Amino acid sequence: MGITILRLLFYVLIFPGCLFVTAIGLLLAGIDRKVLARMQRRVGPPIVQPVYDFFKLLGKETIIPHAANKTAFLAAPVVGFVSLVVLMLFIPVFSFSAFSGRADLIVVLYLLTIPGVALIVGGSASGSPYAGIGISREMVTMMAYELPLILVLLSVAKMAGGSALCFSLSDIVAWQEAHHSMIAHWQLIPAAVAMLLVIPAEVGTQPFDVAEAETEICEGPLIEYSGAPLAMFKLNTALKMFVMTALFVALFIGGIDTGIVALNALILVLLCIVLTVLCMTLIHAVTARLKIEHLFQFYWTFVTTLATVSLVLVWLGL
Amino acid sequence: MFKKMIAKSTAKSPWIYHINTGSCNGCDIELVAVLTPRYDAERFGFKLAGTPRHADIVVVSGPITSQSKERLLRTLEQVPEPKCVVTIGSCPQSGNVFKGSYSVEAPLEQYVHVDVAIAGCTPKPEAVIEGLYKAAEILGKKREAMNQ
Amino acid sequence: MNFPFIREAISNVFSKPSTRNFPAENVEAKPNYRGRITYDAEKCVNCGNCVKVCAPSAITRKYEDVEGGQRITYTFDLTSCTFCGTCQDFCDEGAIVLSPDYHMVAERASDLVVSGTRFAAKKGKLVNSDACVFCTLCAKVCPQEAITVDRKEKLWSVDYDKCVQCGKCIAKCPKKSLSFEEA
Amino acid sequence: MISYVHFPVLAVMGIFLGAFLEEIFGVHNKAARQGILVATTGIAFLLICALVKPVMFDGEVISYWMGDHVPVSGYAIGIGYEIDQLGLFFALLVVTTSLLSSIFSLRYMERDGMLGRFYVLFLMLCGAVLGLTLTGDIFNLFIMIEIMTFAAVALTAFRGERGFALEAAFKYLVLGSMGSSFTLAGIALLYLQCHTLNMAQLASMLHGNMTPVSVFAFGLMLTGLSVKAFIVPFHTPAADAYAAAPTCISMMFSGMVNKAGVYGVIRLVYVIFRAIDLPAMQVLLAIFGAVTMFIGVTMALAQHDFKRLLAFHSISQIGYVITAAALGTTLGLSGALFHAMNHTLFKGLLFLCAGSVLYSVGTTDLDRLGGLSKKMPQTTICFLIGAFSISGLPPFNGFASKWMVYQAIYAKAVESGNFLYALITVVAVVVSVMTLASFIKVTQAVFFGQCPVSCAGAKEVPLSMRIPMWVMSALCVITGVFYNQVEAWFLRPAVSAAFNVTHYIDVMMGEGTAAAFGISNVKAAAASFSYWDPILWLLLFVVVMAATGIVIITGARERGRILTPEGAEEDGKYATFFSGEKSLPSHVSGSDLFWGFKHDWKSYFRVMQGAHSGIINDYALWVVVGGAIITLWLTVFVR
């Protein structure tokens, strides 16, 4: 009993939980900035720069504006952080995961919205009109990527389940071990591409950072945040990078299990780095920010088409 | 527990908020040039912030016109501590060629404490980097002083 | 939808960054860069041309009476300077030079001031002699416009309140007619 | 001690009696009025709750013949009440809603006159819907529908000094009467066919024995009940009526009046006609449900009145219920019932919040509200709970039920291989996100942001209005977290009752009747759930939250101070950043918050706005066309 609790605590606090997620998330954010700089022929910040940013923000004052609702303003970033960590506990690291037996695609889909909602509620609670515009854009972004995301999830579920309902993430990973990784099945390649395009919008990196466009609406929902809550939000963005890429790995590259947890974790981290560079850094380096209506159009036409193609192909059983 | 880490990080991750108070745009361009690949101030963690609430260093350019003075001071007030004020170019320090004009209320020093002055009209990007770097060091010291 | 810079972005990752390693390796400005003002007080003749031409009035001059003469201090306020270089152009003596040193960063504005002091021995009044041909060269070079010459009426006069005793007229005079009166 | 078999009748009669007493004593006497109101709804609540143990837990189905007119030689001649688990499930929703609504109305209605008459109608509405859920007689059901409709129409027009209340009431009157007429025509045809009005007997006769006349009657009745449930082509009076009625009535509209329609549809297709096993029936209802949820939510996105927006969400959420119920699977019906229940809870809660805002500010126009979170903190918390519930954020109840609905639809899709259901799954998820979007809009426009002058005098509402809100909030959280218990205690009995037609017939008409008609039960597969463990999730959440909290507390000395503004409003440090301009009350209001989205959808919105013309003739045409589609579809496909 005691050992079980200790093990669970270890899961929650250290390995797939808080510490691991935070460390890898910050690492990914650092790599993203470094590689982005190199793509622009710059030297770029040190890889630990997000850690510096985080600690710096912790040391700053937190000013709560007059118009803000204090409770919601301070609670929002913490709720976002906690739900991201909990979400990571549900995502399998190949065959291993603390609570992956209880992970379910729909649950993951909905847990993924909580950080976004936290950002929106926090921004809204700050009372700034810029934040008002920011949350509107954040919400439209959310609506934009949710459609392709659910199509991707459904095609993966159909592929793994056949004629039975299969929403369990660990079942999907197990199916991939038995067969091949999802990405190796040609029908799912459009879905994988769609998912890769969904990741940057979910994380909110350029060109899909319309919600936090610092040059036009002064960081949108984050406008009135300073100090520790802002640090939490910046951390959340870093965590989202890791969680989304890890979800991609679980959904599409789940079939390469080595049997050793530490090695699996290492492979996961490496894959996450590759994915981050591929779908966030590279797109960031070569594009400029979209307008919100173009972003919506992009997701509901191009990305949705990709995902639908996959769903239809899988459905036809090709 | 994190005191040292925070003080060190404060010096290593200064975010800049730039206010133009009627500048001719020369200094503004040079400030942006600092972030280009050639000079790349991001090496030291510099980043342009979109709002004063995120800023550590406020860079002021321009001769503080009467219209902008009130807005400048209001914005400066909204920056959380520890913060540094850096003037870039001659204008905010003295008014430069505009001094004595009915609409210029130049020396910034009479309203707030200026931590670093970067002279030049306009300063070379290298000078701007130097000035910002110095401001970042001051920032770290200010944070350490807050610990005591 | 096309991404024109994808190839550049990828190839840049594997090429050397174009960033200068600036604070570690000092970068010299180009030779004609107009940076920090250097002022050689010994060369200065106190003509005051620089003070006059300075658009932002960044140059100030201060007199201090001491025994046997004056201490003349020129102050160049770099926080006020536009680095236009006009003072350098107008300084015949080459006392003012805008150097390529651009490291003008200070925590206090007082650190951004260049100044120089020179002791000027007391001289007598400027006087003219009969050799004068009223060519007006002295009036032309006088930075203070202290000398008036009327060629028709053959009159030469000097406003001693304006004269700073720079000696430019003496140097310019073709007939060696001008001189300072012995004290 | 009276046996509990009398309780249902007593509850219904008690409420109607209360209505009469209200008319006699309550018109002038405030204390009597309020006492009678709370006493009758409270007694009804207690009586129905007392039935939970025997019916829900012990599985008994109560049959009650009025005046003990038991069936003679297999023909039901009296009016029978039959309380099975499905009926009781809806009855529970009705009594809960009416009790909470009556408590809320005590202070909420204090500024209105004519309250005696108001409460007469109020209680008639409650009694009618309660009777509707408990009755076993189809003509009695029609009568209850009529009482319900006319009480609802009168209540809609109650604040008739505002013109649009009368307009809304008129629309409701016309369309409601059309729905009633359809139902009555269907009942008449059925009576012609079967010479009985008892639902159990009708079920026994109609099953497997559908003639063209009975299919036509089915079509008419389905249309009539769909009008009462406000499914899409028939939804048009809902928006106006919900917005115009006093809020405690709007809450009852969405909490029980449209549930009455849903109950009728479920009873009709599951029990009386047993048509739910036919794929054509499933497809018809699923399409209607999907269209309902989509049009409801997109129309809601375009609204700028708090209550009207909620009204369109009611329509949208009923779409979920109908879609899930249409699947004809155990999981689907569980999801449907669970969502119906949750909808009663969270939509009631949201209407109460809207009512509180109306009470303390005097308007529900989203463009004129703002910054109420500081003035009305408790209302804000309740609203957020309701908004998160309806948007389906874990761990609130909306998530649990929506998650069951998605699973049910997609399971149906993969099992039947019908791609349509996969598309409906996608629609359901997207609608859920849009629901979130429109509630974000309300949150921003009403509760957060800056306070306009019109809201400066707002105060928190009195305690008697807050109690119902807190009760509903608590129920939203509890049913979300302990959804396994809800499923085991309420949903499973109700669902199995819906599938267990033989028992329904036998209890009413005597043992062996069903067998005599050759009716056997459909084998309903046990509901299979995937993994969603809100308790584990909450535990993890709490642990991680605690860990974060510890770090935050230990770091409190090192981290920067948290500065809260004190006193003077003038302190520039705490002013909102306006790019340096002086901070002025400036608020991004709700009406056009999602313009980027609307821009991409402008042609769709243009069509929808043109379609919702507000002209009653058009709407009547919609009803006729919808009815024609349903009837035609059924005549062609249902045998």
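Labels for the chains are A, B, C and D, by order of writing; each one numbers its residues from 1.
As a convention for this text, a residue touches a chain if its C-beta (ideal position, glycine included) is under 8 Å from a C-beta of that chain, and two chains touch if they have at least 3 such contacts.
Everything numeric here is computed off the predicted structure, so don't read it as measured data.
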Review point. Which chain maximises the distance between its CA centroid and that of chain B?
Key: D
Point to revise | Identity of the most central chain, Cα criterion | key: A
Point to revise | Gap in Å, rounded to a whole number, between the CA centres of chain D and chain B | key: 58
Exercise for review: Measure off the straight-line distance from the CA centroid of chain C to the CA centroid of chain D, and report it in whole Å.
Suggested key: 87
Exercise for review: Could you please state the distance in Å, as a whole number, between where the Cα atoms of chain A are centred and where those of chain C are centred?
Suggested key: 62
Check your understanding: Cα centroid separation between chain B and chain C, in whole Å?
Key -> 30
**Study point:** Two or more partner chains touched - positions in chain D
**Key:** 555, 558-560, 563, 573, 575, 577, 579
Review point. Residues of chain C that touch two or more other chains: which are they?
Key: 17-19
Revision key, fill the gap. Residue ranges of chain B touching at least 2 other chains are 2, 6, 37, 40, 43, 51, 53, 78, 80-81
Review point. Considering only which chains touch which, how would you classify the arrangement: line, ring, star, complete or other?
Key: other
Exercise for review: If two chains touch, include that pair; go through all of them.
Suggested key: A-B, A-C, A-D, B-C, B-D
Practice item. In the complex, go through chain D and note every residue touching chain A. Key: 371, 373-374, 380, 384, 388, 391-394, 399, 403, 406-407, 410-411, 414-415, 417, 419, 422, 425-426, 429-430, 433-434, 436-437, 440-441, 443-444, 447-451, 528, 530-533, 536-537, 540-541, 543-545, 547-548, 552, 555, 558-565, 569, 571, 573-579, 583, 586-588, 593-597, 599-600
Review point. Hey, which residues of chain B end up touching chain A in the complex?
Key: 2, 5-10, 12-14, 37, 40, 42-45, 48-51, 53-54, 56, 78, 80-82, 143, 146
Point to revise | Complex contacts: residues of chain B adjacent to chain C | key: 37-40, 43, 90, 93-97, 99, 109, 114-121, 123-124, 126-127, 129-131, 133-134, 138
Check your understanding: Taking the complex as given, what residues does chain A use to touch chain D?
Key -> 9, 12-13, 17-18, 58-67, 69-70, 72, 74, 78, 81-83, 85-86, 89, 99, 101-104, 106-107, 109-111, 113-114, 117, 120-121, 124-130, 132-133, 135-137, 139-140, 142-143, 146-147, 150-151, 154, 157-158, 161-165, 167-168, 218, 223-224, 227-228, 291-293, 295-297, 300, 311-312, 315
Exercise for review: Using the touch definition up top, name the residues of chain C that touch chain A in the complex.
Suggested key: 1, 3-6, 9-10, 12-13, 15, 17-19, 21
